[in-house]
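Next, two complexes with chain A in common: one pairs it with chain B, the other with chain C.
Then we have the complex of A and B:
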């Protein structure tokens, strides 16, 4: 009788030792280059007068946190193979408006809940369209952007909505343990995001779909469900940015969050999340967010004006995209 | 006589896969040379090197005795090489004339319509075919389109024609017409490399035959000096019977039963019973609809009508996901994920390795190791990206995943050995038999008739979207099946290939 190769499943197999997959990242040449850039920038930053002071660093940390929350959501979308979204900034604005409205009526907890739900719903609706109809994600997000601003304008008349009690948080809550609340919230988002990706079934499916959407279809994974969930989470993280903005300024305006999409995309790509999907992590996004923010601050401290900051940021993103495209071919 | 085209020692690898290992080829003017070999033998890679699509790692191509580096398809065209690919590259909405000149870099920005028209007319005349230059390609038959494609090469002064499976989609009359044209071109001193699976055509039209196997050149000789059996065994590298494992005795138990399956415009009224423990094979050419039937059963294309039963119970959407697995012919796009072997193996089962949505890597790793061992994949390579494996090993990963469910179900396969090298092929066949032993129901589609006859217990030939016959056991015969899938309505005629291996 021939030995059967397939039938004997009972033999215990010792799992091989070695690197394992929860470390979804590999370090290669382009990463090496990236680390060199980070090092050069860190040295440049340290040598910049005025950079290495506690107030300066804290304010840097605060500013990068708004974009950072949006970037966490963007990372989910990019990893799932849906490239990027241009409506997360608008989602943040919508969430901020919902936050202040509900806060004025029912209090802080209700406000936070309302904002997160608003963000999740707005974004999940897009995810549903993209996942079930396989519509182009970028086009859907651009259409949604217009739609969100249109509805917001109808509802608020582009008026600024004030928090009636004057201030959302007491001064003690603005800086628990001396750290800005914005930074804490951003780190919480990062942590939740990475846990979702690394330790949940949902996270594994995000990576699978991002690295082979057709294969996922053929395997019978319900891709539309995962894509909708990805967008819902992205909406939640964008809403977090909206809440932070409203909390900081004690008001909400539909123009909050404009330009955050671009900054978040830049951070995600510079950090090294693959634009084709399936490769990356929240830590890479964190690195990208820090790099882009540091570049801006250093340029500012050296007296370069806004247009120079845009120009340099654009060049960096372009360079990253060129490098990624080269690596693929 | 001197060679028009002469290749020496061509070598090329893709990652760990050695696609060509020191292949040589001589092609003379006025010669039709057959290029034969199993799937994965390296034929298409060789063609792509000659056409400048791939650059060889080593080796030279001499044209008229002068060594050339074929840098690009344009360069190949300038040297007079022309490829008629299996899938034609015509623009269906344009006229024949436009198609003949489409993409030719010698055509100036402002067309000198008259001269171009005259040259195109002369090309068609050389072939002695009557096709209206102003007809839309969409309105032509497949055979006429093939001839337009050849005329396009002649109009560009091609001297070396490479035809890749040119008869795969043609009717009998069209094949005869094509052969007349090829004989004419041979008489005019063109060199023709004729790639085919159909051994009958080798003996009918070719002068010499070159056999490749596993990326290497095996033999070249005059067609008159080999027999059909010798040719088959040279291609396989072993006797025919060693390739395929023995069939299992017994009738098999009730498995998948489909009746009246129909997708408008693709196939209609397809019915068959595929018992558990058996391999049912739909045989058909490209365009027969057989591949679509498999996809439809797998739920990848919506059925217009039809019924499916598994073990006597209707197959519903939710049951499908857990009992039916589909292995596509396009592994890279529709099978593997660009991730580790581990993640590929447990991709569809994460919920079984999780509690409250939180996954356990230990459990997943143990399961992946079991699955890898079951198909003979090295357990130390679980963390390696699946795309770094050879075609055969990639296919084994997909088999392990398909057979990884809790209870044996149905495994659907389109062209299960496409791109699998010859050594791994018999292993894949053995895996298929083992799945039968475990009670799986296997339904596959193949265009490779040697494979169909070698592995299937039940053969269902299809032609233009319809089932035309049904064979079991002793009835399975290559020449009958070939007749069925090429021109079933003239069943009284003498079949084109009369000798079976």
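Then we have the complex of A and C:
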């Protein structure tokens, strides 16, 4: 067709050919720098009095898990070359509302299933439009954001929905083996996400499409299927965040998840997933999520007030994103 | 092939919105009233300059997420610095916006980085700065006279704020239409390398565009804060989504190279008319979200390369070449 197609295809698809591996990307100099920053931060954190206490670590794990689940979904979208979504936070809110609603009627298992299906459907619909028509992912996500909030407002009237039994989980279930259930769910999401990327043909296609959608077209892949699946999974992971929020507070509100999109894409970028798609892994996202959360806790323990935490978090995102520039030049 | 020309689309959508609202109103005169026009113009006063700046960055195929942060930050700066001398506060706010846009523009052009990552960092940093300088509190200004003056009605329908927004739109429209700037910006947005080869000073113009975007966002934020006689670091930041929606409805495309300031103004007015008209009809609050989401989604679908290629098949063979270039983009 055109020479530009060839140049697209010459972009290396990162995983080594022929083999399925855990390490879907290589570590380069900038990552070395990033690891050094992480290590410095880790040492700083460990030296901070009060950081290494069990309650502090557990609360850190709990707070990072909500955004973490959304970030796992965001990673799928970013990796597939669709930059970011503005509607995952709203998807989480919708899932939380669906969860509590169905939970009150039919019980916990049905509630979880309903929430996951809700998230998957909301998100997959966007993926279908983006994948099959090649509509702009950012615009579709903004339109969906407005639609989701509109429908949620229609259904709930912006009222808080309470769990009728009072509490979703018994105290024992809140901390199985002493680990917060939120952290376990987050790790499960990470594990599922990385397994999808590393061990399935679908994962291969995500990387290929992220490296260049047109080369994927030329290769004869049915891109729309993969993109729809990417968004469906992203919706499932966002729904998980919604379920966790509803479980934690024993209620659901359409205001849940506001601002999670920005936090999630920040974590994804700080971890080093390429904004243009095709390069990255869930481990990077995990590193990004941990970094952002740890910085906040360390600042808090050092007596910085919340406003300074916001500022320093912003500066870190800016710094790490700028560091990323060197990789390509 | 284009289903609706992007040049005429914003005006068509605006006219259609007014028409539909008037039909739903059935001649009771709730919608087609001075109050609706006034409130739509007030919406334009707040959102118009932001959308204008954002659309300039979209015109050169970038996307300035930071406008939302700069909008809030500038409002806080204006109220803080301008406690005694509002003009000084206004100048400080504009300077903040200019500096923020200039720095981000430099990073994006010098390091050749995708703007989404950089401006995400800028957004979070600006929000953080706003929290720090206000000490995480809502500021109120004693200058009620200024607030009254900014909200005073001029000729029944306008206020000084909306006149400024309209004047800015006209000024930018004239500058882009008659000066070389418009041509060069469109060239950059359409094909950056070709524009560079043709002698367009790509980097300088891109920095200028981001600086302008920062200044315009700051202007809106400062004026809004003065007219409310208060500023808060959190309350004002939700402008990114409506500004993007207005730009897209106004005929700007995230793939660059299309859009005019007057079109964007029509896009903002459409959102304003929609909001004011639905209010006048007594529609519930979610009606605005849902109708905006639906219209935006429709535009995203109509703009999608896939749907153009689909309709292109039904055209005469003479249009094949154009169809292919559309698909290639």
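Note that in this section the second predicted complex is superposed on the first by the 304 of 329 C-alpha atoms of A that agree within 3 Å, B and C clash if a C-alpha of one lies under 4 Å from a C-alpha of the other, contacts with A are read in each partner's own complex, and residues count from 1 in each chain.
Basically, contacts are C-beta pairs under 8 Å (C-beta built on N, C-alpha and C of every residue); 3 or more make two chains touch, one makes a residue touch a chain.
The structure displayed is predicted, hence computed values, not measured ones.
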*For A:135, is the partner it touches chain B (first), chain C (second), both, or none of the two (neither)?*
second
*Is A:266 touching the first partner chain B, the second partner chain C, both, or neither of them?*
second
*Is A:201 in contact with chain B, with chain C, with both, or with neither (first, second, both, neither)?*
first
*asked:* Per the contact definition in the header, classify A:321: touching chain B only (first), chain C only (second), both, or neither.
replied: second
_Per-residue touch tally on chain A - higher for chain B or for chain C_ = C
_A:106 in the overlay: touching chain B, chain C, both, or neither? Say first, second, both or neither._
neither
*Pick one for A:191: touches chain B only (first), chain C only (second), both, or neither.*
neither
*Which of the two partners, first being chain B and second being chain C, lies in contact with A:283: first, second, both, or neither?*
neither
*Touching both chain C and chain B, counted on chain A across the two superposed complexes*: 2, 4, 214
*chain A residues touching chain C - in the complex, by the definition given at the top*: 1-2, 4, 83-84, 86, 129, 132-136, 138-140, 142-154, 158, 214, 262, 265-266, 269, 275-276, 305-315, 317-319, 321-322, 324-325, 328-329
*Can you name the residues of chain C that touch chain A in the complex?*
63, 107, 111-114, 116-118, 120-129, 131-132, 134-136, 233, 241, 244-245, 248, 253-255, 284-294, 296-297, 299-301, 303-307, 328
*Residues of chain B touching chain A in their complex?*
245, 298-300, 320-321, 326, 328, 333-340, 342-343, 347-348, 350-351, 354, 357-359, 361-362, 365-366, 369-370, 373-376, 379-380, 382-383, 401, 403, 427, 430-431, 434-435, 437-438
*Using the touch definition up top, name the residues of chain A that touch chain B in the complex.*
2, 4-9, 11, 13-16, 18-22, 199-205, 207-208, 211-212, 214-221, 278
